[in-house]
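Next up is a structure, given as structure tokens.
The letters A, B, C, D and E name the chains in turn, as written, and every chain counts its residues from 1.
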Amino acid sequence: QKVDTVVIGVAVAQTSNTALLGQEQVIGAKFAEKFLNGRGGINGTPFKLAFQDTGGDEAGAINAFQNLITKDRVVGIVGPTLSQQAFASDPIAERAKVPVLGPSNTAKGIPQIGDFISRVSAPVAVVAPNAVKQALKLDPKIKEVAVLYAQNDAFSTSETGTFQQTVKDQGLTLSTVQKFQTTDTDFTTQVTAVLNAKVDLVIISGLAADGGNLVKQLRQLGYKGLIIGGNGLNTSNMFPVCQKLCDGVIIAQAYSPAQGSAANQVFVKEYRAQYKKDPPQFAAQAYAGVQVMVEALKALDRKKKLNTYDLDDLRVALNKQILAGKYNTPLGTIAFDKEGEVIQKEFYVAQIKMKDAKNGSFVYLK
Amino acid sequence: MALLEIENLSVNYGAIQAVRGLSLTVEEGEVVTLIGANGAGKTTTLRAVSRLLRPVAGTIRFAGRDITRVPADEAVRLGIAQSPEGRQVLARQSVQDNLELGAYTRRGSVRADLYEMYERFPRLGERRDQLAGTLSGGEQQMLAIARAMMSRPKLLLLDEPSLGLAPIIVREIFGIIRELNAQGVTILLVEQNARLAMNASHRTYVLEAGQLTFSGNSAELVNDERVLHAYLGG
Amino acid sequence: MNDFLQTYGFLIATMMQAGLLGLSLYFPLQAGQLSLASPGFYSVGGYAAAILLTNPAFAGLRDTLGNGVFPLTWLAGAVLGGLLGVIVGVPALRLRGIYLALATIAFVEILRVVALNLTVTGGAVGIFGIPQAFGFQDRWQYIFLFLPLLLLTMLFARQLERSRVGRALRAIREDELAADAMGVPPTQYKVLAFVIGAVLAGLVGAMSAPFLNTWNAKQGTFDASITILAAVLIGGSRNVWGPVVGGALLAAVPEVLRFLTDWRLVINGLVLVVASLYLPQGIVGALERLGRPRPPQRPAPGPVSAAEVKS
Amino acid sequence: MTGEHVPVSPIPVRAGRSVVLEARNMTRRFGGLVAVNDVSFDVHEGEIFGLIGPNGAGKTTLFNLMTGLTPPSSGTLTYRGQTVTGLQPNRVAALGMSRTFQNIRLFRGLSALENVKIAQHTRTRAGLWQGVLGAARAEEAQVERRAWELLDLVGMGDRAGELAGNFSYGDQRRLEIARALATEPRVLLLDEPAAGMNTAEKGGLTAFIREVRDRFDLTVLVIEHHVPLVMNLCDRVAVLNFGQLIAVGNPAEVQRDPKVIEAYLGGE
Amino acid sequence: MEFSQFIQSLLNGLAIGSVYAIFALGYTLVFSILGIINFAHGAVFTLGAYFTYTLVVGEFSNNGLLKGVALFPNGSPLSGHPVTFALATLLGAAGAGLIAVLIERLAFRPMRSRGADPLLALVSSLGVALVIVNLIQLLVGAEIYNFPSDAYGETPAALSFTLGGKIVIIRTVQVIIFAVSLVMLAALGYVIGRTKIGKALRAVAENPTTASLLGISVDRFIVITFFLSGFVGGLAGTLVGTAFGVAGPYFGVTYGLKGLAVIVLGGLGSIPGAVAGGLVIGLAEAFVPAQYSAYKDAVAFALLFAILLVRPQGLLGRAAIQKV
């Protein structure tokens, strides 16, 4: 069967708790569809996106993948939201020989699931250390560090490992490690432990709501030192939670609106025009995921018209092409190693600056 | 005027017809007995009058008003009280709370009535703070009757009041029935102790398999061959 | 056909799996025990399988057994489930109703937290890259595992109901005290029913780990407990078919409603409300009501064989 | 009566007059209340033993102590020399003591037939696997047959499939007796079996209790408030008042006892 | 443990616990009357917070169908901040109360009149929760909303004092939540324990049929109960929202499990039990030593398990009556 219209699958969490992150990815992907098709799609032919909700669990992700692969007949999939879901659903695509680009999966081991699995999201081990170095630049007197992490969240636990290692590598003292759950709201216990440890740097790995509350409560209860937030806090979703108290939180990013590439500046400009705010990282990564697929398809199409392909062959060819290319995305220039791990040169460290209670921005730190 | 008029009443439990085309009346100030074998439909009739069951056909009029469709709590407010089969005391409330709840529809203080009940049933007075669920069977029966009286009903429905009571208390109950009746309370009585009941009542209806078989003056029926044989063990 | 199986095979297998979990809750329910511990046993069974199938410590075992390792994982899941069932069941079954339900949920939660903190379980990330049972390529092939298990379990349940033990369970459900007074030892039978459920859930967990490719602490949660209970109630808790139909339905509805995109879960919620309003005895209960049950038949009189008198 | 050829209880020997039950100093307190107070008595084989007394005297509580439903505060009960107190109710039932409840406790959601089948539990053996593998057919057939017989015995053979909870009050009492008999007891304890029956039916009940006693070779204890029935039926009567045994003897004696008249029967 | 640290843990425990307690109050109320676990309570709690937010802020960000809709459009007489936080909180709670009544009407009453298994109410309330949560997401998105930081006026964010040279601190919001839960406990306790209404409610709770036989209008009392439960829940939603932000549509639902644990631990249907249960679990969590904090949730549930084994009816619940 030949491929008439090119459909790219997007399987992210549109419902459940995870939708908070998923909805930014949906925005990013939809934006990509509009923007890229507006610029000619695949060498003049528009492509389509098919969305399937993964919910927040593994079975949901598998179902979404199955639907995309057989019903929507997609050429490749951008998704899922969580690494834990990826461990369940990516093998499905791998066996069906459908290329997958993880838009936000940062856990260890994702590209290793198989030949068809790659990601645009740099793993924590690469991103996280930058924040600590930056904090030391801001305040060289830092000695004692407290690390807090959401213990029921897969990526937060792996991120904290990296953070803790970095702390040691930088010759700092790890005074206390506190755990919490992403569903927790009250952190008085953790905060008082931090305060008692008299630290001058706090590093948090969690998600937006719990992370935001933690920041807020740290400040309210009198913590004055620097705070580093992990990948989960890298979203403006955190702003309403800690409001003015978010000010000053340092976050290592795989994406920054301030990134200077032309690709990014166009992206940011258009995005701002449409949504009246800076694109968040998850939106940018989802955008990048779609963009990589589209550009790989363009490259293929130039060699051999896509509508002459068999779907199965196209998927295989696409996968090869994805891994071979180099892409100018809002994340900067990225490429992939042979396993499918993203090769990204630039990472960023930003500091939150709140304009008022609701609005703020990530200010890029040099 | 008849205080209670039942016309052509039929009540079903799913497919089972428990009462079929029953008509009976209870005049104001009367004591009327309803007898019949186990499963005849006596309890079903009382529950239809107190509005716990919805009849499939027929009408129930109380003091001239059609109450066939009013909810059970409304029936109580109109002046119908029931001492139900199986006692149905509120097991987790104290004896006193049960009695006070019996007077739920009344306004003002019910103290005097409480003391009256404790006087009639000294055992309840001794146990006023005991949870009703831990009372002995007979004690619960006393409580159920006393609770029904607490609402000062116009019509009192008693479903086998003597059940589980010691002979002395049975006598007490029938004394109360006479007394209440003398005070003008109308009573519809279901009783297995047919002789006692008939002696205490003006008229008697006999129910068989959900239908009325015969009825008449209690004093006459007590000597009726058929009744004697079937219900009085004569 | 192949496309259908590719798309819906996973769902169909999930429906069977949900039915099986429903049944694991149905057994204790037969004895009136509202236990929500199934996801706990399920999770443990899954971990057992996942560890046996991926942990380097068992590499030798896997090599020697080949595909034989899979039945071994089932056995491990079932045995572990059963053992835990006894350990939790004996103290917990003194509780009744919601109290029991919560004690069993407490057990599920404790297990979840423990799983998050251990290294063998892979902590919060869990275990991934679980090899496929018998080299299955597609999800739908797991029907070959779940379907026979489902049929066997239903047969088991039906036979159980018709037996002396089944009657004892029902008696306890109806009135524990009266059952006791009539010679039925409640504790013993409650534990039995609980353990049967636990063994089943552990077994299903062991089969499910390869099925889901990955296993983590989210597999056994409060939400799962409630979903399974809802499935049993929607299906009907008085007949073996109830949990099966309910489980299958609740697994299928959100998937079938995919075409509604954003409204899918809103409608899913409405389906739950409407179903519970209009089918107070569950789906199977409602179907049963249509066909009036046959009155029991008096056994034919006749000479009694020696075997029968002996008793 | 059907099923002449299947004796429901296989022990045909007519008993002597040996002591079956010995209650010794049985006491039960509820908080400050002494519901049963130092009660001792003997019950003889084959006897119909009445237990009467005012409401709240402790009769039901005494039954509960005897059948293991309530542990006694002190005192013992022995059944044919074996101590019963301290055993679980199901063990007591297995030993051969079975009861009915004043506040009927049928398995309301199950059919009459099932109610009676369940009660044969201690007299049958089939375990989980035998049951599941269908290896206990003979036993099942036996259970079924006995159940029908007992239902016939109480006149409910044609209502076997009805739910117990849907029976009228009086019918539920009859069903409870059938269920108690299904445990194949040697001692039957009836708590107000005639409650909710009319005078004619009470007469029938007297005959019925005698008949089962003879047929199944039982010892019967019966709590009842209907005095004529007690006097008519019982070989001996014990009277409880405020938890204490105030009289034991043959019905005529007891009926004349002034303490009994004062506490229970009331002056005429 | 040092004294100051002990006091700090105590305060922390009470702070955490009072959030559980305030959630559980409305939850247990419905249970005490109808004997059903109302899983929609978490959703009603969420709604209370969203209602208040709507009144106070009047507009939503850009993920739901309601993006760009302003409740008080510029130029309209109501533009600006016409609704004070206190008033909005009460209105929000009342709104939640009405929703609860509606839920009773649509999802519980028909079931009752059909004589369904009360357990089934669990399914229908689960359905209701699913509908509400996803409707919220459809309308206003999954993002986190929060009240203006000056919701309580010019109060300091935290209170602190020194004990033996060490600082002991507590957040002001938590003191407020603690106080409000005690006030609500007292009010509900008074109504249920001391008034005729309360007596009637208890009768309905125990046996609706018998209650109606005593002249009590069961349906009306159930409506009252649901309104109260929704009101208390909605109020709690707003308060907890001010403390932690309204963390998306699942905000209240995530308290469901802890809430359930709390009311069961306290004794099902016991109003003081809900508060006691909340505080006990809060304290248990707060006193878990820092190095075992990973097991915090397990500790709470292990405690629950253990207490139930000793007291099968919960801390303040009454034992079932088994008079034979």
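Heads up, the rule we're going with is that a residue touches a chain if its C-beta (ideal position, glycine included) is under 8 Å from a C-beta of that chain, and two chains touch if they have at least 3 such contacts.
As the structure is a computational prediction, the values presented were derived from the model and not from experiment.
Enquirer: Which chains sit in contact with both members of the pair chain A and chain D?
Expert: For chain A paired with chain D, the chains in contact with each are C, E, in label order.
Enquirer: By the contact definition above, name the pair with the higher C-beta contact count: D-E or A-C.
Expert: A-C
Enquirer: Relative to chain E, which chain has the most distant C-alpha mean position?
Expert: Relative to chain E, the chain with the farthest C-alpha centre is D.
Enquirer: In angstrom, rounded to a whole number, how far apart do the mean CA points of chain A and chain E lie?
Expert: 34
Enquirer: What is the distance in Å between the mean C-alpha positions of chain C and chain E?
Expert: Taking the average C-alpha coordinate of chain C and of chain E, the gap between them is 32 Å.
Enquirer: As a quick test, compute the distance in whole Å between the mean CA positions of chain C and chain D.
Expert: 41
Enquirer: Enumerate the residues of chain E that touch no fewer than two other chains.
Expert: Those would be 134, 294, 297, 323-324.
Enquirer: What positions in chain C touch 2 or more of the other chains?
Expert: Where chain C meets two or more other chains at a single residue, that happens at 116-117, 177, 262, 265.
Enquirer: If you look at chain B, which of its residues touch at least two other chains?
Expert: Within chain B, residues 134-135 contact more than one other chain.
Enquirer: Considering every pair of chains, which are in touch?
Expert: Chains touch in the following pairs: A-C, A-E, B-D, B-E, C-D, C-E, D-E.
Enquirer: Over in the complex, which chain E residues touch chain C? Could you list them?
Expert: Chain E reaches chain C through residues 37, 39, 106-107, 110-111, 114-117, 119-124, 126-135, 138, 256-257, 260-261, 264, 268, 294-295, 297-298, 301-302, 304-305, 308-309, 312-314, 320, 322, 324.
Enquirer: Where on chain A does chain E make contact in their complex?
Expert: Of all residues in chain A, those touching chain E are 15-17, 19-20, 22-23, 27, 151, 176, 178-181, 183, 185-186, 188-190, 192-193, 195-196, 208-209, 212-213, 216-217, 219-222, 237-238, 240-241, 243-244, 275-276, 357-358.
Enquirer: Which positions of chain E touch chain D when the two form their complex?
Expert: That would be residues 323-324 of chain E.
Enquirer: Name, in rising order, each residue of chain D that touches chain B in their complex.
Expert: 30, 53-57, 59-61, 102-103, 166-171, 192, 195-203, 225, 227, 264-266
Enquirer: In the complex, go through chain E and note every residue touching chain B.
Expert: Within the complex, chain E contacts chain B at residues 196, 199-200, 202-203, 206-207, 209-218, 318, 321, 323.
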